[in-house]
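Next come the structures, one after another.
In the two complexes that follow, chain A is the common piece, with chain B as its partner first and chain C second.
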Partner chain A sequence: MRKNQWRVAVMFLAPYGILFGIFILLPVLYGFFISLHKWHILAPRPEFIGLRNYKLALADDLFRIAFVRTLFFVAMVVPVGNALSLLLAVGLNQNYRGTTFYKVAFYMPVVMSVAVIAILWTWIYSAEFGLLNYYLSQAAAFGHNLAPSVFPATLKPQWLNSPATAMPAIALMSIWWGAGGNMLIYFAGLKNIPRELLEAAEMDGATPWRRFWTVSWPLLRPTTLFCLVMSVIASFQVFGQTYILTGGGPYYSTLTIILYMYQQGFGLYQLGYASAVGYLLFAALLVFTLIQFKLLAVKQ
Partner chain B sequence: MSRRGALILLILGALCLICGCGQKRASHKNGVVHLEFWNGFSGPDGTTMERIVREFNKLHPDIQVRMQIIPWGTYYDKVTLGLAFGGSPDVFVVHADRLPEYADRSALYDMDELIRSDSISAADFMPRPWNAGNWKGVQYAIPLDCHPIGLYYNTKLFEKAGIVDDAGRAKPPTNLAEFVDAAQKLTIDSNGDGAPEQWGYVFTWFRTNYYTYLSQFGGDLFTADGRKPALNSPQAQDSLDLMRDFIYNRRFAPSPEGQDAWIGFLTGKVAMALEGIYMLSSMESQEDLHFAGAPCPVFGKKPGAWANSHMLVMPADSDPVKREAAWKFIKYLSDNSLKWAEGGQVPVRRDILESPEFKKLTVQHEFSKQLPYINYMPSSISLNQALPFFDAAVEAVLCNIKPASEALAEADRRIGEVMSRQ
Partner chain C sequence: MKCKGRKTRPPFRHVAAQGVMFLAAMILLAPIIWMFSTSLKPDEQILTATPRWLPNPVSFVHFNRLFTQAEDFPVARWLFNSAFISSTVTVLALSITSMAAYAFSRLRFKGRDVLFIAVISTMMIPSQITLIPSFLIVQKLGWFNSYQGLIVPGLAGAFGVFLLRQFFLGIPVELEEAAYIDGASPAVIYWKVILPLAKPALAALAIFTFIGAWNDFVWPLIITNDISMRTLPVGIMIFQGRYVTEYGATMATAAICSIPTIIAFLIFQRRITEGIAMTGLKQ
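Up next is the complex of A and B:
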């Protein structure tokens, strides 16, 4: 590149580069620096302790619990959420009437903030006054009249108050919340598939099912990779849902890594320890992302 | 918020700093001292406090107090950041159980000198609330109030169940036997489906309920020297088992329902609850609720009730002119704590407690009978770190997730680990 091209390039990059440097790069590096210290927010001087925070976090059974619970969440949300997004996108791609309405309807939750969504769903999940349990107990009562031995008279599961159901309930809510986002990306991916390929397959007598699996699905691979990587990262960072709905309970069953980090950093003001937890999550995410690239990347 | 939104906010913030919004406000202009007063009174108590502050400002033209209410949920984050990085208020409120954290790290002003040179003294206050403002022999705070929990009971349901005294008025239980008897009579399952329509008792806030039971059984969260956790004790186990018993064996309390529990009491579906005096205004605004207050029944070996206080404090590095003004303001709040008590608090000044005006506040007066033996959570810089484990253990037991012995041993171990990390 010629010299003044460099100058132009730098000038174009500068506005973003400076902000990126100040607000993302520096805090990230500073966070690593903090993680090497024992640092209560009110302490006059942080004490350098090397990698001790990392050692403590790895030995901390709550950190391990948080990690496992987060994995559980990811394992529910990523496959089901992506399958649902793809299904919705395929449906929207059929050129039915009124798809614009459905596009907007499915996308609507994505636009809402997590606080709104979470509070909305507390009223759906509430055991005593919740919408979900209202219909469940109506259904149970109906069944009970027909076959009293099979159906209970009332059915009111404590969705968010029982360790067995709390995390799946939060996962369900998150899937509903996020499905619209990936739906649009899959939809764009489907629109990018050359029509002539699909038509050729149709001429050869392929069923719609066959057309999808042998033409659309392989060509969607870059889209799938993108959606998977992004949703794995986003789901590992789940925070708002558990923070608002359960606060990590009951009995740590919805304690997620970012929530644990937040509790350490802001409830307990252990800045060094919280930063170390954040960096451990970063390391785990890096590994997961690399694995996905390895497995799914399109060979050039 | 999206990353871009955050960036825009940050840029605006930076511009604001450059333009001088961050400059320290002139503290005393034209002989008027301006004070910043922070607290978390975001409920009806905020209105009461605002009225008191307004009256103070009217009476003291040379001191103008500006009150900022920050909901408790984010209050301590803001106060801590202010104390750590500048921008702290001139007078603020901390709860008694959070005071050691700030006092131990030299963030609060030592009030001993001010108290000595003034007419105010420890003898004017009830000893327990006063001592809650003390850390390692230094007085850092003046208690504004005390908010113990006590027994709220629905008088209408009591009368209907025939739990009355000789005059035919609802009679609150005072000990375990009376309590169990009343709670069982008040639990009514009229259609016999196993899910009572009316419950005798409900656990609302686990922390305050359990700490009351625990204290009455003679247990505590930490050992007496405050160096180790003490939850792995027979007292801790017995008291938690008793609470569990109310739900799963005696079945006069519903299994925990989180947010719905207190609503149950407000709507008359539950006859008794142990809650803080600060709940008073939420009950008074509830139509058709006939209730009264009484000291907590004695479930264990001795009377006891969880309590906390709003403590008035100043930052360590305040300027002398402001400090003098702030001291006047603190004394004014203390002198006028009867007005504050009307909104649902127990005053801690002896003269106010003995005044006939206070005795007219019946619920506050009932709850204040507990002042000689109320139980503050232990004074410790580790308390705030230990409480999440304490809460989780109680939750696990009352939700029938783990037996008390296991949950308490686990909490004890984790608290020990956190304390050794300090």
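Up next is the complex of A and C:
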């Protein structure tokens, strides 16, 4: 048999290992180091201040707002997005004619850049010229003819310019953008469910609805956990959407944590403070991930 | 009534379900169709009282204008940057990660599994939180506003190593042992046995990497500020900031930015869907 092959292994691992060390491992450690300093990009020497950046952040009203608004975003995108992904996956799994077409159609938004979808939806949400308000006011006018007391004659919400609707609008766009990704994972999970189990349930007279909840859903649990954890991690880091669509406004209603980190770091050059914001998000994500594992992990 | 066989189920439920699916597909596609359709409309058909879903006649005037008239907005240069960066990242990342994955799946050395776990555990680190240190490191290397700065930091992701190792482990060891007994070195085995057999996984990873690099927004945004070093996604945002109401031109840049990934997706959609199945289930 072969002996210890460490010489060869070093050769094979060296290119990856060097890059991994410099661009993955080092940034994680260096970021923490930076967060312990008052580190202005132009200052000659960073000043060590211990955990003060963290204390400042926790007492910072804008950081709190950013945290709450990000939570609001996550609370919309994760449940609704995952429900939609699962629903689309169940639809695909019926093996109707044109399954490939549906798969491609549902996944298409995922392959587009956040910049593209953001400028596209800025227009869709435009109060005066947007597609959404056009069809909405058509619907309102139609309803107004039938029941004038219930429906207004025109309906043109300022989607992105009103604090109440800006974040839900961004969440809706993000759900549209991402649903196809988890759909494929749920679809793969559904395909993996043993056919015999579903057929046995069918023989026993279980309705499709019941078959889904008693057979498919419990067996999908690892898939669901995976998708939920991944989408919580991804949605907490929302940046491009809020950066392009609203820049955090109106009245900070769409200020998200990474956007705030970006503004502090690359707008005000407070690199130490911005790094601390990033690490606080990291800590929050660890907690959320652990909670999800506790709640959803498959009992062995 | 309850005893109907599977084949003779009342079709209504299925017809309704298919109707819903079709509707969902149309709603999900509508914004994309709108983008392409607008980019091909003559100016006077863009902002109409009733939305026009199809351009008539089809006009390439916005694309023409983009490539010929907008000097302050070098769309052709952005297109080149995006294409060059994403293809380079794809080729290099595949070479580097497949070598690492080979070592992690096939070579025997002390600490192999510990090292591998250390590598994949970084997949749990949210990528955005390391933006600031990565920015400072790249700046210290003197790579601000450079192709190196745009390419190299993106090569070391753990996801590719994870995916390829998983696939390599599924390749029967006997194939390799035969070559080994014939006197082939690990390098030859990697090149002549493993890589050819791993084509499906390599193809899936190549498409993910390409699409990811092409669409990346945050990193090019912070690591460049020279207008000629921007990539398409960042360029589009700058463009839109200047021409907010020039919907035709903006949608044309958006279309240019989307066409390559959409085409790559359409050609390789089976590989992509299978690749995602590979990653999701092995968790």
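Observations
By our rule, the second predicted complex is superposed on the first by the 275 of 300 C-alpha atoms of A that agree within 3 Å, B and C clash if a C-alpha of one lies under 4 Å from a C-alpha of the other, contacts with A are read in each partner's own complex, and residues count from 1 in each chain.
The rule is simple: contacts are C-beta pairs under 8 Å (C-beta built on N, C-alpha and C of every residue); 3 or more make two chains touch, one makes a residue touch a chain.
Everything numeric here is computed off the predicted structure, so don't read it as measured data.
Number of chain A residues touched is higher for C, counting chain B against chain C. By the touch criterion defined above, A:Ile244 lies against chain C but remains apart from chain B after alignment on the C-alpha atoms of chain A.
Of the two partner chains placed by the overlay, neither chain B nor chain C lies in contact with A:Ala200. When the shared chain is aligned, chain C comes close enough to touch A:Leu285, but chain B does not. Of the two partner chains placed around the shared chain by superposition, chain B is the only one that A:Pro163 touches, whereas chain C remains out of contact.
When both complexes are overlaid on chain A, the residue A:Phe101 reaches chain C alone and has no touch with chain B.
When the two complexes are overlaid on their common chain A, residue A:Leu62 makes contact with chain B while staying clear of chain C. Touch criterion met: A:Phe129 reaches chain B and chain C at once. Once the two complexes are overlaid on the shared chain, A:Phe23 sits against chain B and chain C alike. Looking at the shared chain after the overlay, A:Thr154 reaches chain B, while chain C stays out of its contact range. On chain A, the surface touched by chain B in one complex and the surface touched by chain C in the other have residues 19, 23, 113, 122, 129, 266 in common. On chain A, the positions that touch chain C within their shared complex are 2-6, 8-9, 11-13, 15-17, 19-20, 22-28, 30-31, 34, 88, 91, 94, 96-97, 100-109, 111-124, 129, 131, 134, 176, 179-181, 184-185, 187-189, 191-192, 202, 205, 222-223, 226-227, 233, 236-237, 239-240, 244, 258, 261-262, 265-266, 271, 274-275, 278-279, 281-282, 285, 289. Chain C contributes residues 2, 6, 14, 17-18, 20-21, 24-25, 28-32, 34-35, 47, 50-51, 95-97, 99-100, 102-103, 107-110, 112, 119, 122, 124-137, 152-153, 155-158, 161, 180, 185-187, 190, 211, 214-218, 222, 232-234, 236-237, 240, 247, 250-251, 254, 257-258, 261-262, 264-266, 269, 272-273, 276-277, 280-281, 283 to its touches with chain A in the complex.
Against chain B, the residues of chain A that register as touching in their complex are 19, 23, 40-44, 56, 60-62, 113, 122, 126-129, 153-154, 158, 160-163, 249-252, 263, 266-270, 273.
Against chain A, in their complex, chain B makes its touches with residues 1, 6-7, 10-11, 77, 80-81, 83-84, 101-102, 105-107, 193, 195, 255-260, 384-385, 388, 392, 395-396, 399, 401-402, 407, 414, 417, 421.
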